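I'd like to ask you about the structure that follows.
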Amino acid sequence: MKTGMVIGKVWATKRLDELPGGALLEIALEENDGLGEHLVAYDPLGAGDGERVLVTQGSVARGWFKDGKVVIDALVIGILDQPRTPPKKTR
Amino acid sequence: MKTGMVIGKVWATKRLDELPGGALLEIALEENDGLGEHLVAYDPLGAGDGERVLVTQGSVARGWFKDGKVVIDALVIGILDQPRTPPKKTR
Amino acid sequence: MKTGMVIGKVWATKRLDELPGGALLEIALEENDGLGEHLVAYDPLGAGDGERVLVTQGSVARGWFKDGKVVIDALVIGILDQPRTPPKKTR
Amino acid sequence: MKTGMVIGKVWATKRLDELPGGALLEIALEENDGLGEHLVAYDPLGAGDGERVLVTQGSVARGWFKDGKVVIDALVIGILDQPRTPPKKTR
Amino acid sequence: MKTGMVIGKVWATKRLDELPGGALLEIALEENDGLGEHLVAYDPLGAGDGERVLVTQGSVARGWFKDGKVVIDALVIGILDQPRTPPKKTR
């Protein structure tokens, strides 16, 4: 899984029926030197802007839904308790 | 999922039968500092050049098709309502 | 999917039986500023050196084969009609 | 698989039921020039801070669990016997 | 698939039962400008240090094993016949 910070939401009026209703969060993934890659994840937990979340990806994300035709490949599976610690010097 | 901007189409006359007819869009994925990686996604929604789209990847994209032999690994699942906001300073 | 240019072939005499006979092309993937990551894909279409191809990856590539034990994770699914246009300034 | 060093744990009180109880380790993956990308993996083996671990990812990680709805996409599958050797000059 | 050079082995005495016995090779993947990302792959072919190998990844690697609970996500599927040619100028 990856950790990331919620930085916003996206809306798509024109969409496939297999994209379920619900929050689509824009998330900046955390890397050792700050925030990096952006992705969009489906959020069943109600995370807000600035919160740190745990995200699972790929067919594992889709597998959480009962409907096997759902087109979600990234899912918020937890809201982290801790604030982010300053990046560790790991390089 | 990833957000990206449509930058063109690709055509392949010589192709596998399991590559379905329909639009194959060239998309530049959005990163926090601009546009990055390019990929090609199947588009059932009719997105045009310059539009922002939401893309799902891997076996989740293929799972949308009824035919399990389809060779699509990237699918446009929504057209975003919002124009892209200027890149946030997240680093 | 990704677009790439064929830059050669690889041969492996010592191999698993589940690696099917046929061309294994070395391909340089196209990025917005030129050619980037290299990968090896199985090619049922007969693409030649210097041709531009469309490649699908992961379990979607394997799913094309009748035999579920095949160990192919990248597959050429089309030969592009267009020559590559000069890289667009997307950054 | 990837090798990495355990650098901490994450906790999520607010979580999906399909995220099993147990240790969620923060791991810095090893690259040829030091430590790189961070990820979070489920650890059934009890690895401690500073230990080197072997991590499997994607649906292969989820496949280890009996429950097909589990949302884990990264799993510690071994604790390495050797300390890390100084990075090799491979570039 | 990816090509890479064998640069060593890893051992894990403390491990999951679903990690099969056999060689776990450390491999440096080949990129157009030299050797890049490191990964660990299960090797049923007996490749030695310095040999060039072809590696398949993800659920395709796991699918080669009879036991669906195996936690292998990278597999050596061939030993390349050719020595590596000097990197091509593709950028």
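Per-chain numbering from 1; labels A, B, C, D and E assigned in written order.
Here is the rule we go by: contacts are C-beta pairs under 8 Å (C-beta built on N, C-alpha and C of every residue); 3 or more make two chains touch, one makes a residue touch a chain.
Just so it is clear, the model here is predicted, and its values are computed rather than measured.
A.B. asks: Mind listing the chains that sit against chain B and also against chain D?
C.D. replies: Common contact partners of chain B and chain D, which must touch each of the two, are A.
A.B. asks: For the two copies chain C and chain E, what is the rotation angle that overlays their Cα atoms, in steps of 5 degrees?
C.D. replies: Angle of the fitting rotation, chain C to chain E: 70 degrees.
A.B. asks: Just give me the whole-number Å value for how far the CA centre of chain A lies from that of chain D.
C.D. replies: Here the centre of chain D sits 19 Å away from the centre of chain A.
A.B. asks: How many angstrom lie between the CA centroids of chain B and chain E, rounded to a whole number?
C.D. replies: 30
A.B. asks: In chain E, what residues contact two or more other chains?
C.D. replies: In chain E, 58-59, 61 touch at least two other chains.
A.B. asks: Make each chain a node and each touching pair an edge, then name the shape: line, ring, star, complete, other.
C.D. replies: Per interface graph, the chains form a ring.
A.B. asks: Quick one: what's the order of chains around the ring if we set off from chain A and go to chain D first?
C.D. replies: Start: chain A; next: chain D; complete ring order: A, D, E, C, B.
A.B. asks: Over in the complex, which chain E residues touch chain D? Could you list them?
C.D. replies: Those residues of chain E that touch chain D are 7, 10-16, 18-19, 24, 26, 28, 33-41, 58-59, 61-62, 68-69, 71-74.
A.B. asks: Which residues, counting only chain C, touch chain B once they are in their complex?
C.D. replies: My answer: residues 1-3, 30-32, 44-45, 54, 56-61, 63-64, 75, 77-82, 88, 90-91.
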